[in-house]
Amino acid sequence: MYFAATIAILLTMSLALARALLGPTVFDRVLAVNMFGTKTVLLLSVIAFLYGRPDFLDLALAYALINFIGVLAVLKFVQDYTLRHQNPDTEA
Amino acid sequence: MVTLFGVFLLTLLVITAIGIMRAQHLFVAVMLSGIFSLQMAAIFFILDAADVALTEAAVGAGVATVLMLGALALTDDRERGPKRHRWAPVAVVTLTTLMVIYATFDKPRLGDPSAPVHQHVAPWYLEETPRLIDVPNVVTAILASFRGYDTLGELFVIFTAGIGVLFLLTNPSKEGALSLLRSAEAEGLRHHLVPRIVGRLVVPFIVLFGLYVQFHGDYGPGGGFQAGALISAGFILYALLEGEGRALQVTPVRLLRGMIAGGALLFVGVGLAGMLLGGNFLDYSILADSPIAGQHLGILLVELGVGFTVTGTLLTVFHAFAAREQRS
Amino acid sequence: MEYVFDIASWLLLIAGGVFVFIGGVGALRMPDFYMRMHAASLTDTLGTILVLLGIALQAGLSLAAIKLAAIMVFLLLTSPTAAYALANAARLSGLAPERRIADEGGT
Amino acid sequence: MEFLGLYNYWVFAILLMTGLYAVISCANLIKKLIGMTIFQAAVFLLYISMDKVEGGTAPIIQADTAGQIYSNPLPQVLILTAIVVGIATLSLGLAIVVRISETYGTIEEDQIRTMDEE
């Protein structure tokens, strides 16, 4: 049954990757990175149980904790960017 | 079945890499390399390398993206040059790829227990670690004790890279943290209430988890390298939320530089202590009454040194980029 | 009793997988950025809860269950925050929701 | 299934050459650095692929299992340190690019070269 969940997560990862490659705005790509991050947390937890080594949940925990730093960095980047150039281009 | 998952992820990895190459907008390339790093971590985990996956998680998710964005803010976020189609590089690269693939047909299959790489020293490490060092995590035992010289060398590479960044980016004039506090851009994300509250809630847990990884590295996946990256990710989050000035008050530059040098010194000091007590350089067995207790003490101290230097270097680099940004 | 837990955890895992997948489809197929974000962020939370609960039922009362609970708590804290920060960044940079659907929200 | 055993190495070859292509062909210096990280990642993948043993598990010895096969810990040690060294060297490279950008006002290789020749 872990397999079913893993396959669903992997398919979702490929969909997120498609969104990251298609764009069209940079924020779509950031959204895809964020989605990919949560899916990685789920994938790591499921595979830890699939392998019968639940002590490796530490990895998933690490991602759950620091995954959103990237998105906050993007928010800060955009904020500083708009402060500097008043008319930024959002299209990729 | 798990092999198929690995194959699927590897295919995604190739697609992502080609996407990175094709991206004109460097911001997009950075975002895609974030995805690339996540995929690498998942593949490492599927291939039984829990420690490596944890390192990739700690480095790739937090620090790498932030540093890249910091550099983009200082330079240019777009490729300006004309798109060139040079046939020579394409031909060379395709030819070499085919040659390397041809060469792989002689390689042992994935997971083949009789592959040469599993025959020589690796079984010895796996058998002797419980007897000689008695920590469950063989990776930590090799990293800190059996191949301590290697790790010392790597640590000095990180140390040197940190010093190099300081040379290149720190401004010689003494505009300290005080002027940073006043500038408007140094406020970070203080106006964004939700990220600020949640972030402040999460930061202590990141640091706590980093300490857990540091001191639990003998028993589970972890150690100084991972812990250093995690703890610096926590402080980088604090700096993003509260602004550079606040973050530099919490961890002053002087402290960070002390950590860079102190960690390396601690590692060398443990080695020298072994020599003074009559053993070899980095021989921990002498450090305590019984060899195993000595090994445990040595590994603890050495990992602590690694953690200090990695944390110090990554945070110093981050602050160097951020301070440059405010000045420009 | 064993069976009850097993079946419950299977159901949760499958439901979680379905929600996760729906989120992925939504993120790929929706017409404009804010809608894509809506699809992705909502199912992210629900799918995560379901999948992690499903695994936790298999783990039983152990250290692994506590770690799973911690993962769930942190994901529930950070994932919506990331979505908020992202929407904020998009608005800040002047990306407007598509007019024909969100008439009142435009700049 | 026989050929799936080599798939990791093929992906290694493709990634290696993708990274190399970026380094020798992209004019943008940051793109070159990103290409270098891909090149690095390919090498990491090669080493970690070699550590896998059929039926093995991560080399963290569990007390209650006798006769368990463990994967090879040595490549993991090498790559673990290499990842952190990689980020340190990447930051050094980015610092150099930042200085170049401040001096020349551009990070495109061609423009820097023409400015040097003038």
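Annotations for the structure displayed:
Each chain carries a letter (A, B, C and D) given by its place in the written order, and its residues are counted from 1.
Note that a contact is a pair of C-beta atoms (placed from the backbone, for glycine too) under 8 Å apart; a residue touches a chain by one contact, two chains touch by 3 or more.
Everything numeric in this text was worked out from a predicted model, so none of it was measured.
Ranking B-C and A-B by contacting C-beta pairs places A-B first.
Chain B and chain C have Cα centroids lying 28 Å from one another. As a whole-number value, the distance joining the C-alpha centres of chain A and chain B reads 19 Å. Averaged C-alpha coordinates put the centre of chain C at 31 Å from the centre of chain D.
A straight line joining the Cα centres of chain A and chain C is 11 Å long. Looking at chain D, residues 57-58, 60 sit in touch with two or more other chains.
Of all residues in chain B, those touching 2 or more other chains are 50, 72, 189, 192, 195, 199, 202, 205, 220-221, 226, listed in ascending order. Across the assembly, chain C contributes 74, 78, 81, 85, 88 as residues in contact with two or more other chains. Two chains count as a pair here when they touch; such pairs are A-B, A-C, A-D, B-C, B-D.
Against chain B, the residues of chain C that register as touching in their complex are 74, 77-78, 81, 84-85, 88. For chain A in complex with chain D, the touching residues are 51-53, 55-56.
By the touch rule above, chain B contacts chain C in their complex via residues 189, 192, 194-195, 198-199, 201-202, 205.
Only residues 9-10, 13-14, 16-18, 20-21, 23-25, 27-28, 33, 36-37, 40, 44, 47-48, 51-52, 54-55, 58-59, 62-64, 67-68, 70-71, 74-75, 78-79, 81-83, 85-86, 88-90, 92-95 of chain C touch chain A when the two sit together in their complex.
Chain B makes touch with chain A in their complex at residues 1-2, 5, 8-9, 12, 15-16, 19, 23-25, 27-28, 31-32, 34-35, 38, 41-42, 45-46, 50, 53-54, 57-58, 61-62, 65-66, 69, 72-73, 185, 188-189, 192, 195, 199, 202, 205-206, 209, 213, 220-222, 226, 230, 233-234, 236-237, 240-241, 325.
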